[in-house]
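Multiple structures are listed underneath, in structure tokens.
You will see chain A twice below: alongside chain B first, and alongside chain C after that.
Presenting the complex of A and B:
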């Protein structure tokens, strides 16, 4: 999966969590800043990404210990999460 | 007991506010001038549910109610879906929300409430999760609880990040009032707002949960966003993980990290972290004893609750309380490594899986329901729900989700719902 496809998927997952109430840009922060997601909504997004990864034939890992150590960077922005999603699809 | 008069004396001539909130600040002498809620209807010994938050009106009503020797049940709007259950379990006589005072008529009695009334003591009812079933109504002797504030103690400028219906939140508010400190109520609980509030008001102590600290780490806003004034960050109510604590200590070497440990059943327990980067802690304080039985921490405390209003006493014959926390012991310091029961903890808010299942089972065509905690790096845990439909019928997943959202607080909402055979999972496990 390329990064553009991953961005599209991540943005659609966030859109669903926010019920389409806001416009999502790829540099939008996921935590803090102008983020519209609270911690519970971010969990929803990650679970949706798990399901979407499944549909694309790979496993999206965001809960294991190794994922946790990456979590500081991967939840920084929409683009960062998309990059991690794309990377995991290539493994 | 006349708290407002006593506090007025302590605050006389002091010009700084005791409370800074989103819409301004409040000095203690302004409290008396506040529009009082008409409490003429409320009698000593009444069980009074106060639905509020850390706003001036709720604080004033809270102090007046303690003065009236009522049995106080502090609640927030977040748990509104459970309020009817809370009113019933705590035998609530009066409900106050804003300036609205409403009496509920019932003929229920409880021996512990009658004992408090006979002593003319104020009471405090808090709700907590139990080992089985629905939240338990914990009754404390508030008159005894208030005695801790008689001895003056130093205060540090604090954010009140805790909730109005938690023992820790109330303790912070009362400690600040009695010791002439300042407590700041943040605009929201977002990482950005909390850090901005810390900087703006030169906050010294920030009480948090591990979930909040994980969010702060992921936000990338530290260390730059943390003001120099911040000396102590406390964390509690859910289990902290070592990688998060290590990362925090590395980024904020001048901040002391302290673990807190409390159970509404035991009152306030003093805790001392072995060091900033250690999850080992010493549990103690005056009148508090600890022991470990089969790796589980037990505590005996003189400030413990009187009992539950809707369940059996959890204390053994000698007064020991089983915390259900599995601990590792090292030189009288304990580290919590797990729980013996099925409590789910989402961002520090605890509840039983059965609470979610009970609501799911009320939805049409749901025959079996199983709610499970799943770990995640954001809120620690979240709930996933599996429901099994009655024979030859289908469960409307969207409808079920809406039904659950109307009945459950946000943190208890299952983040994933599956329609499948609930029994198979169990059998599969056993095989």
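Presenting the complex of A and C:
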């Protein structure tokens, strides 16, 4: 999966979680004070991404140690999450 | 399906047997599954990768996980000054870190279901500050603290988290403890008697019951404190 496909999938999942009530940008934060997603919505996004990964024939591991322990979390932005999603599709 | 860690011995084994008796499908997690007559996955709870592999295996089963019971544990009854470094590490790594690994890595399954229950194990030594159990009690105090906070994190997803804190139950963990020492401990409980594995199994059943839907973030001290 290329990064553009991944971005489309991630944005779609976030959009669903936010019920279309906000414009999703690539630099939008997913955690922290400026995030539009509360922790419950973020979990919903991750579970949706698990399902979407399944449809694309790979496992998306959002509890992965390597993903979580990077000095810059995959949840720092929509683009970062999309990048992680695309990377995991290649494993 | 109910998952039980430490299913090969002690309380974990007793709980597993009780749940199977009542018709539950149980998956046991144990370091050594050889000779176990139940469905089991080899797993060392103190090892992140091992717990991760077990969680993936369970996830692939695509079955409803009703509960996860963290019964694996180690004990060492010593004063802090006579507890060696490796024992300190082992107690914290297995009892506290192992419980955290299992909760965090199996939680996504229950978050998806929006249903489930974690039962973690502490000890009455935490509430009673029992002399000679400082490191063991510290590891279990961590489990209690983690469980209370984890319960709040899981509550929005209809997942409950509770702790059972047994007193001196006759298991391998009590090897070398004399009857006099046991009596000294039980005399500090509200109900001053030694409880059995079956009493702990009863509490597990109670927490699994739908009628316990309002109980989360609690520590149930067996015998009372």
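Annotations
In this section, the second predicted complex is superposed on the first by the 82 of 91 C-alpha atoms of A that agree within 3 Å, B and C clash if a C-alpha of one lies under 4 Å from a C-alpha of the other, contacts with A are read in each partner's own complex, and residues count from 1 in each chain.
Following the convention adopted for this analysis, a contact is a pair of C-beta atoms (placed from the backbone, for glycine too) under 8 Å apart; a residue touches a chain by one contact, two chains touch by 3 or more.
Treat the numbers as computed from the prediction; the structure is a model and nothing was measured.
When the two structures are aligned on the shared chain, A:63 is found in touch with chain B and with chain C.
After overlaying the two complexes on the shared chain, residue contacts for A:15 are found with neither chain B nor chain C.
Of the two partner chains, neither chain B nor chain C is touched by A:5. When the shared chain is aligned, chain B comes close enough to touch A:32, but chain C does not.
Comparing chain C and chain B on the residues of chain A they touch gives the larger count to B. Looking at the shared chain after the overlay, A:40 reaches both chain B and chain C. In the superposed model, A:76 lies in contact with chain B only, and not with chain C. With the contact threshold set out at the top, residues 39-40, 43, 46-47, 62-63, 65 of chain A are in contact with chain B in one structure and with chain C in the other. Looking at the complex, you find that chain B touches chain A at residues 190-192, 211, 214-215, 217-221, 241, 243, 247, 346-347, 374-379, 382, 410-411, 413, 415-416. Across the complex, chain A meets chain B through its residues 29-33, 35, 38-40, 42-44, 46-47, 62-63, 65, 67-69, 71-72, 75-76.
Contacts from chain C toward chain A in the complex involve residues 48, 52, 56, 104-105, 108, 111-112, 153, 156-157. Listing the residues of chain A that touch chain C in their complex gives 39-40, 43, 46-47, 50, 59, 62-63, 65.
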